[in-house]
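What follows is a structure written as structure tokens; I'll ask about it next.
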Amino acid sequence: MEDESPVEQAAPEVEARVRASFELQGLMRHLGARLSRISPGHVQIVLPSRPEITQQHGYIHAGATSAIADSAGGYAALTLFPETADVLTVEYKINLLAPATGDHLEAEGTVVKAGRTLTVCRLEVFGVTGAQRELIATGQQTLICLR
Amino acid sequence: MEDESPVEQAAPEVEARVRASFELQGLMRHLGARLSRISPGHVQIVLPSRPEITQQHGYIHAGATSAIADSAGGYAALTLFPETADVLTVEYKINLLAPATGDHLEAEGTVVKAGRTLTVCRLEVFGVTGAQRELIATGQQTLICLR
Amino acid sequence: MEDESPVEQAAPEVEARVRASFELQGLMRHLGARLSRISPGHVQIVLPSRPEITQQHGYIHAGATSAIADSAGGYAALTLFPETADVLTVEYKINLLAPATGDHLEAEGTVVKAGRTLTVCRLEVFGVTGAQRELIATGQQTLICLR
Amino acid sequence: MEDESPVEQAAPEVEARVRASFELQGLMRHLGARLSRISPGHVQIVLPSRPEITQQHGYIHAGATSAIADSAGGYAALTLFPETADVLTVEYKINLLAPATGDHLEAEGTVVKAGRTLTVCRLEVFGVTGAQRELIATGQQTLICLR
């Protein structure tokens, strides 16, 4: 599975806004997640594998997988919102396709449709071990723009 | 919103099986979640409010809300599975209905349909402050029984 | 599975508004569906079994099941909207729990959370044969209020 | 939005199997839908616009949009199944992104992950008017292989 993410970089003020909001998310810090790419309509979050985020078989817990997917989609939407607007997740659906393993996970949030009120994102999470990158979860998310 | 959860207690060996599996979930411990009720086809998980599980506005992060909802549904299914079987989440969908606030969250997983291979659960998460209990998320989950 | 639907009847002007809109849905007429109950926050639609709505094994097609579920939820939301507002489905998720059989299907849409902009409904579809009523699909739907 | 569908044609026996099953779906015939492309892991269904499939504003009903999306995904999965296996929809989620208008709709079902028991598909529906093709719905579906 190759990486089809857009390479365009977000404007500095957009990137600053996303990073400032991410820093305020206690959960992302507590899980050990970090923002790794911010493009217009696309955000990537990386989560290194560690015992604190596992489920009963030692794989990464679906809750951790979902948390970074949800945040990636939310920030992907935020990159396209007006400067003073904020984003809330309305709902999302996620399929866990394979055991979440790897040195780290990469969650990709990509805007599929940006509307005035509602935005829809595609969510993908990959398990990465060295050069191998496997799709382990895929989802779809609805977000609301709060002005 | 009143608590309509069944009061029947699970058999001791079922409860022991669920508790043993929960103890292995590094994420639940890391979030500070605990099992609070185990009935046949129904499990409740409690998550106290704390800075480590917040999003950017100080509310509890949708990822934490989803994580306990997912675990509650998974263990609700497990209570009905054969003794040697294990459970995996196939997918779930969750609507975030209101900001996740309160002294703690209570996630309820309830089996709607138990099949030989697939089980479907209803997921509900309540924000609890003193005697007040507000529905803050509702979802639906598909699980697979691994024999 | 007993019928827990509320018995309260909607106000005559609300019922008239829902019926007028339903009459405009070419698909409902084409499938042979009819409105059977309109309460505040709850609507039931009945769909008699017929060869025109089957899938490849002769059961009722998931598309027909979903169509009446979607309409039931949409009209359940509409019963709570201001008089001049209209309703659109944002998204829904549905699990097909059992083969859709019976003399007819009954779709129940029930408002779980009514918001100013977004409303969330629970969707349930039952297959009914004589006195037997089996849950064959369950879903969750997000709707938007257009003022 | 360009058409990224694979161009590879399915093997004749696979195509025959899909077409035979589709012919048995009373609903597809009743709606006026037809199979327009069958590739390994991908199926396209076309639905011409007509008054019999509308909602209250004259757009195509979400139920019709969903029905062809569901069938497209189901047959996409079937193209990859063993010859004697059958397919059932476990669940799907769909976002309605824009009013469903156009001379016809094109539903695309694409396998994202093919497993021994469960298969996950991406669902997309486009409204087509002349040379214009707009994404009007996007979804995600879980299917089960019945051997």
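Each chain gets a letter, A, B, C and D, in the order it is written, and its residues are counted from 1.
Rule of thumb we're sticking to: a residue touches a chain if its C-beta (ideal position, glycine included) is under 8 Å from a C-beta of that chain, and two chains touch if they have at least 3 such contacts.
Note that the coordinates shown come from a computational prediction; the quantities given were computed from them, not determined experimentally.
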Farthest chain relative to chain D (centres taken as mean CA coordinates): B
Comparison of A-D and B-D by number of C-beta pairs in contact, larger one: A-D
Interchain centroid distance [CA atoms averaged], chain A/chain B, Å: 23
Cα-centroid distance, chain A relative to chain D, in whole angstrom: 28
Rounded Å distance between chain B and chain D, as computed from the means of their C-alpha atoms: 34
Numbers and ranges of chain D residues touching at least 2 other chains: 90-91, 93, 95, 120, 142
Chain A-touching residues of chain D, taken from the complex the two chains share: 93, 95, 97-98, 112-113, 120, 122, 135, 138-140, 142
Residues of chain B that touch chain D when the two form their complex: 90-91, 93, 117-118, 120, 142, 144
Touching residues (chain side chain B, partner chain A) in the complex: 21-22, 24-31, 51-57, 61-64, 66-68, 70-71, 86, 88-96
